[in-house]
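What follows is a structure written as structure tokens; I'll ask about it next.
Labels A, B, C and D are assigned to the chains in the order they are written; within every chain, residues are numbered from 1.
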Amino acid sequence: MLVVMEAGARPEQIEAVVRQIERMGLKPHPIPGAHRTAIGITGHTGSQDPSNLENFPGVKEVIHVTHAYKLVSREAKPDDTIVSVGGVEVGGNGLAIVGGPCAVESLEQTRAVADGIRRGGGQLFRGGAYKPRTSPYSFQGLGERGLEILARVREEFDLPIITEAIDHESLQLVDQYADCIQIGARNMQNFSLLRSAGRARKPVLLKRGMSATLEELLLSAEYIMSEGNYNVILCERGVRTFSDHTRNTVDLSIVPAIKRISHLPILVDPSHGTGKRNKVLPMSRASIAVGADGVLVEVHHKPEEALSDGPQAILPSTFAQLVTECEAIGRVLGRSLQPALAASR
Amino acid sequence: MLVVMEAGARPEQIEAVVRQIERMGLKPHPIPGAHRTAIGITGHTGSQDPSNLENFPGVKEVIHVTHAYKLVSREAKPDDTIVSVGGVEVGGNGLAIVGGPCAVESLEQTRAVADGIRRGGGQLFRGGAYKPRTSPYSFQGLGERGLEILARVREEFDLPIITEAIDHESLQLVDQYADCIQIGARNMQNFSLLRSAGRARKPVLLKRGMSATLEELLLSAEYIMSEGNYNVILCERGVRTFSDHTRNTVDLSIVPAIKRISHLPILVDPSHGTGKRNKVLPMSRASIAVGADGVLVEVHHKPEEALSDGPQAILPSTFAQLVTECEAIGRVLGRSLQPALAASR
Amino acid sequence: MLVVMEAGARPEQIEAVVRQIERMGLKPHPIPGAHRTAIGITGHTGSQDPSNLENFPGVKEVIHVTHAYKLVSREAKPDDTIVSVGGVEVGGNGLAIVGGPCAVESLEQTRAVADGIRRGGGQLFRGGAYKPRTSPYSFQGLGERGLEILARVREEFDLPIITEAIDHESLQLVDQYADCIQIGARNMQNFSLLRSAGRARKPVLLKRGMSATLEELLLSAEYIMSEGNYNVILCERGVRTFSDHTRNTVDLSIVPAIKRISHLPILVDPSHGTGKRNKVLPMSRASIAVGADGVLVEVHHKPEEALSDGPQAILPSTFAQLVTECEAIGRVLGRSLQPALAASR
Amino acid sequence: MLVVMEAGARPEQIEAVVRQIERMGLKPHPIPGAHRTAIGITGHTGSQDPSNLENFPGVKEVIHVTHAYKLVSREAKPDDTIVSVGGVEVGGNGLAIVGGPCAVESLEQTRAVADGIRRGGGQLFRGGAYKPRTSPYSFQGLGERGLEILARVREEFDLPIITEAIDHESLQLVDQYADCIQIGARNMQNFSLLRSAGRARKPVLLKRGMSATLEELLLSAEYIMSEGNYNVILCERGVRTFSDHTRNTVDLSIVPAIKRISHLPILVDPSHGTGKRNKVLPMSRASIAVGADGVLVEVHHKPEEALSDGPQAILPSTFAQLVTECEAIGRVLGRSLQPALAASR
């Protein structure tokens, strides 16, 4: 923390700030300069927020220099975290390709898509049983019936399951049926849900909120880890900007930024990130090229009949091409596809 | 809904789109033009999403022209909704000024601030017992103990209470203790919580999400109303942009925009909207001048000791000035302050 | 400037940074802390940029704490600047209302609108002779013929003229014909044009760029002032965000923010700021309420026939109402309308 | 163009809109629906803007469905444009890697960097002689002396030159000395400069503005092409958003979006796009993977001494690695590096 005084601050104003910092149990370090004085602050800030110093006479601004996250940071754990999702590793040197429909609509549809994912070379399956929809009148998912379908499909195709939880009740069920609990972008700062996820047994896939900064994303992961669940996978899925040629703007540079300061794995979701079917393949390649640990994409065998988000789902044939191209690009970076689970049949 | 064909679309491609629209049970209206053909669509869209037409050969784009919200719209209810919060009306021709601390910290602090609000001319009291904080290590509020303090303060000062609920459990308690349930910006699209609020007995103050469009805000209100709770107050609290001189960018033009298409009342929160104490008074004046039904501001008698958001809280003396200036500006628009509740003592 | 070292930085790394700062002719101030060390920097930074220290081993980040603007700041000149535009004062305790068409289309149209501005109580006239248009195929203005029309209208109605220059050539002509040179949002960082404006004799109205920060706006004003032209009026005209209910998002809190750190006057343009006719009146009121020195609005006597930006122009009758309401709100803040020039006829 | 009437619009209101459309010389196509009527418009819109219909009674909104760009579009020219920059092709199946310092500082520095670019495998050289700087007090470039240095370096290293022009005067000189004229982000909507570039003999590299939409970028290219210069190369360099971990947010999905609707080549500039040295290599890989025709990066042999933008410049050794990795990723997409010019010595 650094307090910057105004150019014309008087000595007694500086002294008052110094005394207030000491009253807070912190250590002030005045740095007199040619034009103005700055005061560094060290020590453990407890319940009192030194930002308040901004309101003292003669103070120009208060600048924060340390971060609130601890468990997520590489300073706390230098080595990459590798998260096992039902036996498939996410993070480290491998790449994980996750595919599936936006929503579980029926057993037939889910089986058809899962067959495409398995044949196409994907290692993990995604599909929503609980759908957070902007309008109360849109299809909201099949609920527990959807989770049962996902569980059956996992047995048949040996694809571990990632699916979203939207509240405490659904989280208990997802923790029971699935292999990884997804927290969606709209719930990234639903701190009550994050704490529940931190007490679950399964790993958590945490999507970046639509206008979340890197620091906020890491602090939301910190909520989960601070409850004892250390198996967190981050996911970039596009942020909201003025740019209108895609639904969101995928912020790929967050991948190397996260890798630099955190040990957690990170995937990219170019389907929600762009909202356009024809952008999913090129943005998946770019995601692997920038250093992501894998991608998460929407696949549907009949996208024109999908009950939600059809325009962004790709066909199984495109998914197979995507796996092939991502694998080839991964090799340039010295990475290879994680092995899929051995077929049990 | 309007389907725009590419300039070189062939007749059989147009015909295929027309047939698909009919297969969906909708009515196509082809409009041939000099350069290209467009196809209007009317009828009730059920489970199938015509957006999928974007993937038909020869289609350039699909444009949505109707909105999903119904109950919130002026087409459904032409007259302004007036919501009674513990006997104080919000909406209509009156103005409501809501003040209080960011967080309830103690009975003494809450009483001191409430005394300032009452003397300053405020009609409603706000204060958080459950605080959604970006970091898991920040003060999270006093919980039910905070609600008890708020209830005591209401009795003593005749100020109805608005306070935030962050999950189902806290919502039940807030519904029991308070006069109005606040849903915060981070939970604007926590649809599960919105449905719970729709089943509560008390009115709901719904804050705009940090990157929510006008339509998304209205659809979140629609979630609450679709469950039967018609007493919804909207609240603009700033959106996230690149602009860095304030914490958020207050989007005041949403006030007349909402008034035009919805019957619901709308307040502005310039404290969270700007994050700067010295912007609260001018932005409160501007909020009333643009046509808001009132403002919601943070007040603290010792802001430099506040446990959260101290730098944006104003002093009780500034609050009194704010009420006076808002009242004077309201008169220019033919509006007057709502009467506060008669002191019961 | 402050250099923050990493938690595990070694003493010799800190020493290397300290020596490099000294080599740059600056003074280092190391501040050892419990977890990490920070190093304050004072002195005059010349051609070498201390940001480069970010690349030294053990350095976490480099934080800038001083600003590059000088002449625009209140530290340089504590009193408000009042700019005379053809005899009408902008800034200080008065309010200036500027109206006129987006584009000068003909003498008849310009006279008709000017008559409405004069009768409605406006003191300054605006109208574009050079129009920066997004498409090369849109109407680009009448050029010098438009300036001649503006000059004739000034004589007839005693309304000083503000009009836009888009390059060196048009700037020479605008400087000759008009009373104030407008630099549009798209040219806010056309530094070559800013320097030319700094050498002109007439005052300059500088509009904020579509994604300019407060600091960038002030630095663009600094360009003009550093060439010797101290008569600069700033203008907020909305910034580009995701919010789609208006064309831009008007950032009214920049008005008190500018007033705090700069002595320059600032107007608001709610016509371009919202792009919607029905938002101009309420946002004009809000602009005065927040503390702006006036507003700049588009007026057209037949907006449905305007050659550019018709949907945001208001009618002369609405303009008269706007002047009345702005005057009433100004009185609440102790401000009054500047007197218009005495009619010369 | 489509006019959407309100749900309760009366027949005479619809009739009035229809008549007005006809008065404009356009053809109305009313589409009655269950809830509301829409009216399609076809024909050539001349000077009158149908947006004005938004102000007719009973009209809900007016929606634009056609685009203003013509020459830049694939509808006008289906095949990819390949632009020759001093003999090196940009566009088509090849990849072009452009490197060089932010600013030309001296002959020695420029030669040292050019040697690194040539040895590292780059085909084109970039370096600024005219620098648009946010502050008037920052280094503004060497001007014509810088162009002379660039010309000498081209002769010595057989690297064609791309350099920025900031006004008419510098554009004439750049057109004379260099192989490609860069128009920077801040000048993307300096329409007067775009027209001058359209009359130059050399190709133009047009950078996307900091808050420009895809459509605005294409329309700025249209300005250049409409003056007769068809050799335009587009360049994504990041847009301004709330996201603060990089200086700008690189919007890679614009690459496939541009490829779909335009025949022009597009490069990516990850140096300005991220502002961080350690993000340049991963974002360059991602740019090639998403389908860009090459990258443009800042290289400096002593970045810690650079007079501008040092923190984002990479070392020549990193540049060589970047070329190798981009080439390997290009092969996955069936693309190969353009051959550099044969060394003339």
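Here, a contact is a pair of C-beta atoms (placed from the backbone, for glycine too) under 8 Å apart; a residue touches a chain by one contact, two chains touch by 3 or more.
Owing to the predicted nature of the structure, the values given are computational and were not obtained by experimental measurement.
**Student:** Report the chain pair from C-D, A-C or B-C that duplicates the B-D interface, where duplication means over half of the contact pairs agree by residue number.
**Tutor:** A-C
**Student:** Is it true that over half of the residue numbers where chain A touches chain B are used by both copies, so same, or is it different?
**Tutor:** The interface is built from the same residue numbers on each side, given that over half of them are used by both copies.
**Student:** Please state whether A-C or A-D has more C-beta contact pairs across its interface.
**Tutor:** A-D
**Student:** Could you tell me the distance, in whole angstrom, between the mean C-alpha positions of chain A and chain D?
**Tutor:** So the centroids are 31 Å from each other.
**Student:** Would you kindly tell me how far, in whole Å, the mean C-alpha position of chain B lies from that of chain A?
**Tutor:** 26
**Student:** When the centre of a chain is set as the mean of its C-alpha atoms, what distance in Å lies between chain A and chain C?
**Tutor:** Computed from C-alpha means, the inter-chain centre distance equals 39 Å.
**Student:** Two or more other chains in contact with one residue: find those residues in chain C.
**Tutor:** 211, 240-242
**Student:** For a test of understanding, state which residues of chain B touch chain D in their complex under the given definition.
**Tutor:** 2, 4, 6-8, 27, 29, 31-36, 38, 40, 42-44, 61, 63, 65-66, 75, 240-242
**Student:** Name, in rising order, each residue of chain B that touches chain C in their complex.
**Tutor:** Going by the criterion above, the answer is residues 211, 213-214, 239, 241-246, 249-257, 260, 273-274, 276, 278-279, 282-283, 285-291, 325, 328-329, 332-333.
**Student:** Per the contact definition, I'd like the list of chain D residues that touch chain C in the complex.
**Tutor:** Residues 20, 47-49, 51-56, 68-69, 132-139, 166-168, 170, 186-187, 189-193, 210-211, 216, 219, 222-223, 226, 240, 277, 303-308, 310-311 of chain D touch chain C in their complex.
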